[in-house]
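This report refers to the structure that appears directly beneath it.
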Amino acid sequence: MENVTIKYIKKPKLKDPILIEGLPGIGNVGYLAAEHLIDQLGGKKFATIYSKHLPSQVIVERGGVVRLVSNELYYAKGKKRDIIFLIGDAQASSPEGQYEMTDKFLDLAKELGVGMIYTLGGYALNKMVDEPRVIGAASSDSVVALGKKHGVLFIDGEPGAGIWGASGLLLGLGRRRGIEGLCLMGETSGYFVDPKSAEKVLRILASLLEVEIDYSELEKKAEEVENFAAKIADMAEFATKTSSPDDLRYIG
Amino acid sequence: MENVTIKYIKKPKLKDPILIEGLPGIGNVGYLAAEHLIDQLGGKKFATIYSKHLPSQVIVERGGVVRLVSNELYYAKGKKRDIIFLIGDAQASSPEGQYEMTDKFLDLAKELGVGMIYTLGGYALNKMVDEPRVIGAASSDSVVALGKKHGVLFIDGEPGAGIWGASGLLLGLGRRRGIEGLCLMGETSGYFVDPKSAEKVLRILASLLEVEIDYSELEKKAEEVENFAAKIADMAEFATKTSSPDDLRYIG
Amino acid sequence: MENVTIKYIKKPKLKDPILIEGLPGIGNVGYLAAEHLIDQLGGKKFATIYSKHLPSQVIVERGGVVRLVSNELYYAKGKKRDIIFLIGDAQASSPEGQYEMTDKFLDLAKELGVGMIYTLGGYALNKMVDEPRVIGAASSDSVVALGKKHGVLFIDGEPGAGIWGASGLLLGLGRRRGIEGLCLMGETSGYFVDPKSAEKVLRILASLLEVEIDYSELEKKAEEVENFAAKIADMAEFATKTSSPDDLRYIG
Amino acid sequence: MENVTIKYIKKPKLKDPILIEGLPGIGNVGYLAAEHLIDQLGGKKFATIYSKHLPSQVIVERGGVVRLVSNELYYAKGKKRDIIFLIGDAQASSPEGQYEMTDKFLDLAKELGVGMIYTLGGYALNKMVDEPRVIGAASSDSVVALGKKHGVLFIDGEPGAGIWGASGLLLGLGRRRGIEGLCLMGETSGYFVDPKSAEKVLRILASLLEVEIDYSELEKKAEEVENFAAKIADMAEFATKTSSPDDLRYIG
């Protein structure tokens, strides 16, 4: 049993491909954005990645059939450049595992001729965010310049804690292997999954990729989450009004 | 010292064997069910599995003699198909260990000619359960159909968090190696060991295996646990009645 | 860098040696007993064991000189049989590390001709213990019988959670390699280091080894700990008396 | 992918070099001291160390370009002896990783001809410290004597918990490979980064290295931290005065 196993359905021939990573993370922003883009561009799954560094679990799919926790590769044909998507159920469960899996992702990227990686994620502000902005980080000054041209904000000192997991390592390790990269982080509260933040990330990514996307489904999801959040806020306010000050101290 | 060591007492010759896994887990449901079935079918122990992925402990047996924490294999002769049981003291203590041990279990299953695996476990509802149902998950649609025929419930979105540990991985990894599998999960509170839930799981398993079982001992154990749970509930109610509302805030 | 390194000062020639393990654990009972016995028998250090499974620390000795966290081997000459002592600063920091280190200890025991292992430890009762008893566990029925002859108690179901760490694994893994073993566990509260419990363990061990020991220093240490514990108890009682019932709820 | 990778910019030729370690730790004392000294002596970076034992993160630098979490080597030319500096973003995330990385650091030190290591760190007192002292620990009595001559305090029993991480292991493992070492620990509260403690450490180090240093920037940083700490203290005092005794119980 290898530490990381890649099972190809069919290895595609791709034209100067771009890799887009949307593994689960903060607010599930990266995953939601990547998933929506795969859907919009008619992406096809071409490989599954298994690893003992992933959680030791199976997922039960509709109908009751299980599948092992995995990461997955999709591709979509573009006008100038093709696109590879890396999404999945989870990231590795240890730092060492994160390094090993990212290293394998880059072997694979090299093999498929990837020259550019976009990693997608959320940036937790730990407060409600009305208008999420998209913060960036890149592998080089020229990629920073590219990001700025498409509306990405680069703010000194943010994110102060660096970028954790595959979204960060793909850039850091990729750079050492000659692959450029740009990380797009949508601001998000960190309390809910955040389709609104995902939409903002995707609008910039669409501009970078020169593709047209219909956002209506993401917008519908964003509305659902907002309604849910509003209900929670109402309940909290009601609890505040009906509680004596004495009780309040124990909330939180 | 190997990572996983299998020590055979005697390698049995088995007829188209089924593997039944009942390692410790939620409510100890799977273990109780498997242990009772071994007892009822006169199962014989034929191998012990040691691993540094298991907890670094010894168990003290009646009489004061110790033995290393282990997993164990039993077999029982059936009419049409023989049965192998995998039970034990504990599961691996890390995700990587879970993957490695399950992989070894499947090597062993392959070697013994296993074509079908039943994994047994509990499904925690985090509330008291009067009539536990048996929820299923399977390696393929045809096994789902088989389960349904014997009364297993397949409910979309349950268990939402997937299936953790050997009960899940044996199906997920087994499927990739051509072994079909069915996981039977008895609903349980998650607060106590649950012989009642184990009985429900076992009734379905007996139907699948076409064996007759006497459930009286499991029923006796279930009664004991229910009496104990009732006492705890009485004590909690008493505490509530005799506490001032002021005190109550600090419970929990 | 090997996972476990044994550095010999001088490999001793030993007569049918017994290995005594007293690594740190509950109430430091095993360590205190072993340390006192080394002192009483004039034990000589003959090897140091380093491992990356031990905590990544150095100890600062009197005078300000550091030494790596380690395990140590001492020997003492006996009338009929010589004695090897295994003591040290710490046990391995992971289950896998515990298995690997114990395996190395047994390689070493085999090499030095060890046929019997005594492991020493504490058994936490989580309440104050006036007269600690010595509970045993052994590698075989004949060793149980030997222990009983010297006053060791073997109580069915105790310790219910098994025996953790080197004291357990040396017996469990040793048994598989043909070395007999007896674990002596002194009852202890688990709140303090417990020289009194160590003394009880040592009295039985002295009987087993047929050696005469002066216990006065252990008794002095035990008195110091008892005085300290009594002061703590007084302070708690005082706090109870001078607190309003309202305050009391927040203690603990 | 190796466990630890050293990437040289240019391997320097050094005269009887001393290694100074200032990796992040308690109060960031060691890092602040080492960073200031590199700055004062015009240190030049000559190698970067990557490892999967480090946190799986990238750092976002000013301008938005990322770099992998790493450790770094600098050198500065001295009159009699040259100096190598080991600083970085983080230490290894597991004990095993700490051992492996320190072992590589020592390979490197050996290769560059290092005969002496100074490790810098903080010693947490868990209370505010007005006049931090510098406590020492060393690889041998002669190095203890050297430290004393330059004002380092060696206090029996301190630090009681030993020295954790690279500052300790470099001495403990270095000693076994024939490299002497001295650890300088500045007393610090453990609540804040502590440039004042770093200054005290650096004054002794400067004396040991026979170099002249301008401390004004460290002093400025120390003032900033003191002002910040004073504000926090004021806020806490204000909260105390304006709270009813009833509220106070819930603070802390």
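We just call them A, B, C and D in the order they show up, numbering each chain from 1.
Assume contacts are C-beta pairs under 8 Å (C-beta built on N, C-alpha and C of every residue); 3 or more make two chains touch, one makes a residue touch a chain.
For clarity, every value in this text was computed on a predicted model and none was experimentally measured.
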Would you kindly count the fewest steps from chain A to chain C, each step being a jump to a chain that touches the current one?
-> 2
Degree value of the rotation bringing chain B onto chain C, based on Cα positions, nearest 5 = 90
Furthest chain, CA centroid comparison against chain D = B
For the pair chain A and chain D, the C-alpha centroid-to-centroid distance in angstrom is 36
Between chain B and chain D, centroid-to-centroid distance (C-alpha), Å = 51
Mind pulling the chain C residues that touch 2 or more other chains?
-> none
Any two chains that touch count here, so list every such pair.
-> A-B, A-D, B-C, C-D
Would you tell me which residues of chain D are touching chain C in their complex?
-> 92, 95-96, 98-100, 102-103, 136-141, 144, 147, 154, 156-159, 161-165, 168-169, 171-173, 175-176, 183, 249
Okay, in this complex, where on chain A does chain B touch?
-> 1, 50, 52-60, 62-69, 93, 97, 247, 250
